[in-house]
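Reviewing the structure listed below.
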Amino acid sequence: MLPAPVMDRDAVAAFLDEVFPQIHHGGPGPVVESVGPMTATMRLPYHERHLRPGGTISGPAMMGLADVALYVAILSQVGPVALAVTTNLSFNFMRKPAQADLLAEARLLKLGRSLAVGEVLIRSLGRDDLVCHATGTYALPPK
Amino acid sequence: MLPAPVMDRDAVAAFLDEVFPQIHHGGPGPVVESVGPMTATMRLPYHERHLRPGGTISGPAMMGLADVALYVAILSQVGPVALAVTTNLSFNFMRKPAQADLLAEARLLKLGRSLAVGEVLIRSLGRDDLVCHATGTYALPPK
Amino acid sequence: MLPAPVMDRDAVAAFLDEVFPQIHHGGPGPVVESVGPMTATMRLPYHERHLRPGGTISGPAMMGLADVALYVAILSQVGPVALAVTTNLSFNFMRKPAQADLLAEARLLKLGRSLAVGEVLIRSLGRDDLVCHATGTYALPPK
Amino acid sequence: MLPAPVMDRDAVAAFLDEVFPQIHHGGPGPVVESVGPMTATMRLPYHERHLRPGGTISGPAMMGLADVALYVAILSQVGPVALAVTTNLSFNFMRKPAQADLLAEARLLKLGRSLAVGEVLIRSLGRDDLVCHATGTYALPPK
């Protein structure tokens, strides 16, 4: 049995906008689509500030999306008190994204007292093929 | 639609024993449990040569298990001709394994012409909790 | 004996500005400080568009810096023809950056015919402590 | 100024043999060559139990060598009390090892209160080319 999240989609989205206003700096940033037990889904709107020549979404935009998706999965599970710090991120890039929004599905593999580990699958909206796979580790502050 | 594997469980197990006899050196090595479209499941029997003090299975034994499980997933998909070379392996260790066999579920995330990428979930047999998560990248030889 | 680079600092900086104009979008992007045999040093100017609340430089800005530093190290070594594609990036974040420019020292560990591997050490300008360590793998196109 | 190690080569080698006798199970295991401030060098003797067909040293043998080299670097720095737990290991494999001993040079990039991060360069004895590059993260127990 997975534990139920303590924050729902609206609560976590409001918290994110409050503490990280800069993710929307210069244009629309990642949007919380849904949260569930140990999971979060985020969408990055296709926007020129995330693009590389050729219209493909940049690596840093994808990497930031993966990081925030794992952060949201942790946040919805443990509540707004926690300040998780990213200690490790690892990415495999598998194909160029389409000229479309990106969808990131984050899943926590472990949520311990001091460490959280999760993975993220990133696809172009409406496509099955993976664009990027990421794993991340987060240090959690003592309560 | 995922492509069907070209080698079944028995064929890939026989090939593995033929080309990697040393995985069984000093005691039972990893066993192919099943293969499917882009997947393979392997089991590492609990045996003293894989142990650390305290009866827990060693890190290198788990890392070797992850690597061979991804290799088997590639092999069953592309056939015995291919000689895949591991170029990258990344592991997150999440908890100590129980005093039991280990089960590794490998899944290919990408199988391109020159590169394969996959992930592996490792659990103690009969448990739900993840012991280890691995990702791997393999260079495939030109046909 | 390491091979001598085929492009010097000015040539590689001009090429970078030409093919990746968007790294300077919205403010100053990473600057090529120097290139050497299998190495490149890049500096990311401290600028508000890279910041998180508290004045610290964002993870995506650091990740993009590491990626471009390895790309420049490859480029200066093999020339402007090559189109290297990032296949894997892995980061360990060690401490928060200071409110200062970031300095990234990239070093190629391998430059093969089809694959390049390198590492990057990132520090705040004028500090000894590492902020971030990155490793990256790049697929090189056939000549 | 790097801190001086609290255990010298002989002390750390004796401790390692005492707590990990099984690294020498079935034949000679990794040998501590030297320790220094934040560093350790270990050598894996060329022995049939580490080999793959063709006489090349196996991936798991290299991965175990990298892990123990980082563990020794931490141990010599903080003393025999500490029980570091590996949380993340990441490997880039760059070329096949020669039919020779392997030399692993480990270096700690960060030694914090609860987390240590380091990297390892592995070469065949007497060669310059890198065989493998590894990074590792270790959770340190509260004092």
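Going in written order, the chains are labelled A, B, C and D, and every chain counts its residues from 1.
As a working rule, contacts are C-beta pairs under 8 Å (C-beta built on N, C-alpha and C of every residue); 3 or more make two chains touch, one makes a residue touch a chain.
Molecules present, by chain and UniProt name: A, B, C, D = PaaI family thioesterase.
These numbers come from a predicted model, not from an experiment.
Farthest chain from subunit B (PaaI family thioesterase), going by the mean of C-alpha atoms per chain?
C
When the contacting C-beta pairs are counted for A-B and for B-D, which pair yields the higher total?
When B-D is set beside A-B, the one with more contacts is B-D.
What is the distance in Å between the mean C-alpha positions of subunit B (PaaI family thioesterase) and subunit C (PaaI family thioesterase)?
Each chain reduced to its C-alpha mean, subunit B (PaaI family thioesterase) and subunit C (PaaI family thioesterase) end up 34 Å apart.
Once you find the CA centre of subunit A (PaaI family thioesterase) and the CA centre of subunit B (PaaI family thioesterase), what distance in Å lies between them?
Taking the average C-alpha coordinate of subunit A (PaaI family thioesterase) and of subunit B (PaaI family thioesterase), the gap between them is 28 Å.
Averaging over Cα atoms per chain, report the distance between subunit B (PaaI family thioesterase) and subunit D (PaaI family thioesterase) in Å.
24
At least two partner chains per residue is the criterion; list those residues in subunit D (PaaI family thioesterase).
Counting only residues that touch two or more other chains, subunit D (PaaI family thioesterase) contributes 87-88, 90, 92, 137.
Which of line, ring, star, complete or other matches the graph of chains that touch?
Graph shape here is complete: every pair of chains touches.
Can you name the residues of subunit C (PaaI family thioesterase) that touch subunit B (PaaI family thioesterase) in the complex?
Residue list for subunit C (PaaI family thioesterase) touching subunit B (PaaI family thioesterase): 87-88, 90, 114-115, 137, 139.
Flag every residue of subunit B (PaaI family thioesterase) that touches subunit D (PaaI family thioesterase) in the complex, lowest number first.
Per the stated touch rule, the residues are 19-22, 25-26, 49, 51-53, 58-61, 63-64, 67, 85-93.
Going by the contact rule set out above, which residues of subunit D (PaaI family thioesterase) touch subunit C (PaaI family thioesterase) in the complex?
For this pair, the touching residues of subunit D (PaaI family thioesterase) are 90, 92, 94-95, 109-110, 117, 119, 130, 133, 135, 137.
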